[in-house]
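Labels run A, B, C and D following the written order; every chain starts at residue 1.
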Amino acid sequence: MDPRDRGGRDALSAAFARTRARTEALAAPLSAEDQQLQAFADASPTKWHRAHTTWFWETFLLAPAGIAPEHPAWGVLFNSYYEAVGPRHLRPERGLLSRPSAAEIGAWRRLVDERVLEHLARVDEAQWEAVRGVVELGIAHEQQHQELLLTDILAAFARNELRPVYTDPIGADAPHPTRSPAASGWIEHAGGIARIGADGAGFAFDNEGPRHEVLLHPFALATRPVTVGEWAAFAADGGYHTPALWLSEGLAWVREHGVEAPAYTRREGEAVVVYGLHGEREAHPDEPVCHLSFYEADALATWLGGRLPPEAEGEVVATEAGAHDGRGEGALHPVPLAGAGVVGLFGSVWQWTRSSYGPYPGFRAPPGAIGEYNGKFMCNQQVLRGSSVLTPPGHARATYRNFWPAPTRFQAAGLRLARDA
Amino acid sequence: MDPRDRGGRDALSAAFARTRARTEALAAPLSAEDQQLQAFADASPTKWHRAHTTWFWETFLLAPAGIAPEHPAWGVLFNSYYEAVGPRHLRPERGLLSRPSAAEIGAWRRLVDERVLEHLARVDEAQWEAVRGVVELGIAHEQQHQELLLTDILAAFARNELRPVYTDPIGADAPHPTRSPAASGWIEHAGGIARIGADGAGFAFDNEGPRHEVLLHPFALATRPVTVGEWAAFAADGGYHTPALWLSEGLAWVREHGVEAPAYTRREGEAVVVYGLHGEREAHPDEPVCHLSFYEADALATWLGGRLPPEAEGEVVATEAGAHDGRGEGALHPVPLAGAGVVGLFGSVWQWTRSSYGPYPGFRAPPGAIGEYNGKFMCNQQVLRGSSVLTPPGHARATYRNFWPAPTRFQAAGLRLARDA
Amino acid sequence: MDPRDRGGRDALSAAFARTRARTEALAAPLSAEDQQLQAFADASPTKWHRAHTTWFWETFLLAPAGIAPEHPAWGVLFNSYYEAVGPRHLRPERGLLSRPSAAEIGAWRRLVDERVLEHLARVDEAQWEAVRGVVELGIAHEQQHQELLLTDILAAFARNELRPVYTDPIGADAPHPTRSPAASGWIEHAGGIARIGADGAGFAFDNEGPRHEVLLHPFALATRPVTVGEWAAFAADGGYHTPALWLSEGLAWVREHGVEAPAYTRREGEAVVVYGLHGEREAHPDEPVCHLSFYEADALATWLGGRLPPEAEGEVVATEAGAHDGRGEGALHPVPLAGAGVVGLFGSVWQWTRSSYGPYPGFRAPPGAIGEYNGKFMCNQQVLRGSSVLTPPGHARATYRNFWPAPTRFQAAGLRLARDA
Amino acid sequence: MDPRDRGGRDALSAAFARTRARTEALAAPLSAEDQQLQAFADASPTKWHRAHTTWFWETFLLAPAGIAPEHPAWGVLFNSYYEAVGPRHLRPERGLLSRPSAAEIGAWRRLVDERVLEHLARVDEAQWEAVRGVVELGIAHEQQHQELLLTDILAAFARNELRPVYTDPIGADAPHPTRSPAASGWIEHAGGIARIGADGAGFAFDNEGPRHEVLLHPFALATRPVTVGEWAAFAADGGYHTPALWLSEGLAWVREHGVEAPAYTRREGEAVVVYGLHGEREAHPDEPVCHLSFYEADALATWLGGRLPPEAEGEVVATEAGAHDGRGEGALHPVPLAGAGVVGLFGSVWQWTRSSYGPYPGFRAPPGAIGEYNGKFMCNQQVLRGSSVLTPPGHARATYRNFWPAPTRFQAAGLRLARDA
């Protein structure tokens, strides 16, 4: 679903309603107690995601239209990082907010949904363009929180020795025994001047533009992400204990935390056992390896004789391949990828790039609170490209720039090799 | 209620049932989400208190009788500090246990209650003495967790800007305008050899014995605890910024944390505003000051020209005064104390002593897991005497030794002055 | 001095001897006690710099030629970050090495100098090319430590309330009252494809290559670095307390450390007072502001209405300007810059760029211990271009890539504005 | 040497001069660089000890007599913990004070020595008593720093992989092969009322008084300290991994730091190897075990079937035994103890007691800066009795109360068993 692909208001209203309903559907398997959990300082409880996205609609859509917030006292709790919008509850203590309850937040969501839909039906033509921009941004913002809702609850459940299960996979035999895994190959690119970045034809975040030319040097990109089997060979070869493979900061991180495997992952003899939203399972050697830090991705790429691609290489291939969402529906973890050509660009695992997250030439952060959205994070983060099995369908695109600090492992991130051609 | 004061099994069974029911009554005003909260590493969620006390009965009463635990997998979650009984979920992560749910724990509690009562009805005479000892200990243990349940939920609620209310006071005008506060005076003691410690006539924790002689030097003890008004004068006089009043460690603690008042307390002009289980309120100048650290208690005593008493001084006075539980029912915070003689020894605020928590002469920790109960904490803790408005009725006694590290403020602790006579 | 610019061995030997002598000259004003100081974990004592550079010659030049180290037991102390060369003394504890003494290290240096010169005189033709590469690298390496020696002793002296003076400026009136400061202007660049990186014609570090094409977008670069006066106006305008100016990580850093000014700097009424290697002095409003973190440089550029340049913009201008070392000899701090055109590219303050430090297209780290040299730091560091008043003459060049983590302030770093054209 | 045991001024002046000279003699084997070392936040450089003790004389003896400090600017550097005497250089950064130099401090010491001696010669009768009190305190204070000077340089040298040697033992075969070690036995005590504390007949610190009655319960005290051989058996028996032996806080400390042996100590097969001021050596099984924390002492006592004594037990035995300094001259580490009766009360290892450090009945801290001396540390410290091989001769006595936090290991502390009789 692309929110702009519509006749007009009705389509956008429907997209809004679908997005809001999907958030609630994702929270539905979780009890009020589950929704309270915050596994670490940068994670948020399910309930908080539900409330913060609602606060966003009240603050950036309804308030400017003169519609007052329903619970003004809650503002301090559910503002996230918008410095311009006043004080905030401490981020690491979101898990200490038992009040308002999940039920109260549900009621608030329904109320705000009604108000937004009513407002969208009534807003006059002169204001429509501005309103449309906020709604598109709000939908994309809520989709981001949908993915975080899943990665955050996984991180929390992983701390419980009872190994809770979020849901069973839909279609229990989802990991398709009949498919043959995609062959590992390379797609070559001759380099030269290419255009990357959002062209303004559909919704995009501010950080995806301006569209601009880049100069690429000849390169090749792997046709599929690096697999669990390849990672297991790296680990068995002592990869985690071979200093020459690691960035200096990565080596210090491995040693400080005693890292031996990606998050939620352990080797058990020949098997690789992974804990995920469906509980614990043995991973298939052909499925993409997932929940690696940038450090691990970089070391693994080096061990495999390749390198991580800069983000422009990934974008150009994704654009030219016309690749779209190819997730295996049903399972909330990556599955072995089948098919010819480039596979798994989207809907499998996010792919770490060697690009540090920074502004494109000509980028200017928009003014106001919305301006805090992306620009202020342009330091000490790495870009990831593609999307993961946990990304809402329709959310990502070839120009999409995800970004996380190098040690991040709770995201569904893997890697795809590149090499100089 | 003294569990030993009974004809026999029926009385003990009734005491067991009452204790268990009281825990549930204390949890009743709290939603499942509230019961999930853990404000800091040494606090525990309400739900965890309910589960851990149940684990205690299964482990130390039912298991030795051959009655297997209902949920063996939960053992790792709800063992607290018994090193001898296997691995444990990380203490600072108790708030991450959304499963089992509060409802599941409630069901487990009811099941275990039935099994215990059934077992108590059937145990044969030969085993009765041993069983009785475990039951008495289990009741006292659960009562301790009842108090912690209240102090822990207060600590958690205090982090929520919405200032949640646990319950309203029973009898809304509880802080009794008609009473005249107790006059501040001294009770003199000539010193000499006295006997302190538990005499074996009723239940007592191991750390209360053996009963033994101590030599007291002549002293006087204040007839009431130090009040909010006295504390406010200390604070207004710059007490928190006068190095000469403080222990060296206390001064460093004040500076590191920017302490200006006891926990949950702030001065607002002439008023002292306190947040508590009934929400925010203005404190009465005559009510005992509460939620102080040992450091603050010591500095305040020095500023007032007195000193903290060693624990033996407090015990001797409490024993001779025949003082018993004098709490103001209805309010879950200290109230101004009326009456002649020594008041507020029990049921108002715990009273910090200058005694470091250590073993009495002849003390030996009992063997086995129960032996871990008290002896192993005899280092770097201060003894508190009396009991607080949050202590279960009947729990404390003149020989009772509470103990907490010096910086502790989440307990309902104040102080009573002493001086050399 | 460019070590390759020579007839042959004699010139290189002379360059070696000059470099080694310069290190000792820099240490000469410092007592044995001064040379012991380590102000923070990533700094090193003067003595350690003198020893580590000596260890480098023994390890990478003499040992491969079969000349055994003079003090094998010292290896563990003076290896720095070469994982491949064995265990290491803990970096944060270099200041705890009173033995060997500064005098012993001086004697060792003289001995190694002799051995190196003797070896250079005798090495046969077949090995010359390899030897030459190591010597050039060793000279450049020792020059880097010369600059660190100065920044590290400044950091240490700054912790002493006596405000020690390293040396007096040479030519006491160094801040040249007669010069008129450089006008602030812009040099425009039309963009297009440019070539950057080392071309192999002279010594360069591995991270400066391979030379490659980049695509530049039209831009303008300021003709001089940002000044103390401009910074003071930013600070007076509340720059440190205006969230919209800051990267998110920078804002957190400012708040955590209570930053109000660059390192060693404070405002005193209208004046800006700076502590440096010549002691405390009032800074001239026209001198480049120095000792800023990347965060401060970024916020200050934003406040001034510009942006930081990517490193390629700086290199292209530096190359085309033919700019060379323009330091004001005599003072060990930046001075107001005079002259037409682009000034202060070198010899004044390092200039933070918006480029994250990463590999150039086609970069491969060389194998072996020397391969650890630069590549492994390509994560979470920002590139700085130019050179500072503390950089050894002849050390830097237009292709030179310095890099430090964003919070770094002990380096003599400032900034130069850029803008889109 | 007891400073009061004298005819009058001359004896006290001589004692002053001897003490000051002894400090310099202890520093003499250390280079200026050695004297700069600070191994951890609570240690101090040799040079700082030399300067701080000199500051003490200037501040508390000369300044009140109108003799101005020679270097007023140094006050901020060399004040230690006297809050009442103004601001202070940060304690953990004493190792960053290269200026003033060791030589300058030596000159200052000589100057102050002269001024003090001159002042003592001239002070009139009316002031003599007050002056005498300050001089006695100053001597005792400087002696404390003499011991710290040794323990602090040991801690610093231990971080250097070269294993520096402070001095060789005097009389190299000092550990007396011909002596037979003291038999291990018990001295029984019937208990009852005893008097402890300083009686005012000679110099004592404020914390040693007032002399007062205590009630002792019958006990027995071991005739010698616990030995290296006993400790080795404890360690070989898995003592460090047996939770039941440990205080709760001690167990956490062992686990956090991976403790397997006292400081500077390791087992190597059957041998116990100890690093000390004479370098590395194999310990004799009969020598007292040293450099234990209170936690280790407590666990070891439990494993041996005894307990640590409260401080009164130790004092009474020491007084009745008439025990005086029995150190083995020559070696700066404990040696096997010979002789009948109670041995090693003094001059071997400090002996941890189970007493928390607190005020005696009737104790009042003296007013003024000197009042900060001991009283403000009466929290979360354990008392040690006796003295060690590093304690200046004549410094300790039966009433002496040393105190350190429970985890402290850099002091020469061991233990002596007690048991109930």
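The criterion applied here is as follows: a residue touches a chain if its C-beta (ideal position, glycine included) is under 8 Å from a C-beta of that chain, and two chains touch if they have at least 3 such contacts.
These numbers come from a predicted model, not from an experiment.
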Farthest chain (mean CA position) relative to chain B: C
Chain A and chain B, separation of their C-alpha mean positions in angstrom: 47
Chain B and chain C: spacing of chain centres that average the CA atoms, whole Å: 60
Centroid spacing, where centroids are CA-atom means, of chain B and chain D in whole angstrom: 38
Junction residues of chain A, two or more chains touched: none
Arrangement of touching chains [line / ring / star / complete / other]: ring
Pairs of chains satisfying the touch condition: A-B, A-C, B-D, C-D
Footprint of chain B on chain D - complex, ascending: 81, 83-84, 193, 212-215, 217, 243-244, 246-251, 294-295, 298, 354-356, 358-359, 361-362, 371-372, 376-380, 406, 420
Interface residues, chain B side, partner chain A - complex: 31-37, 39, 47, 73-74, 76-77, 89-90, 93, 95-102, 156, 159-162, 164
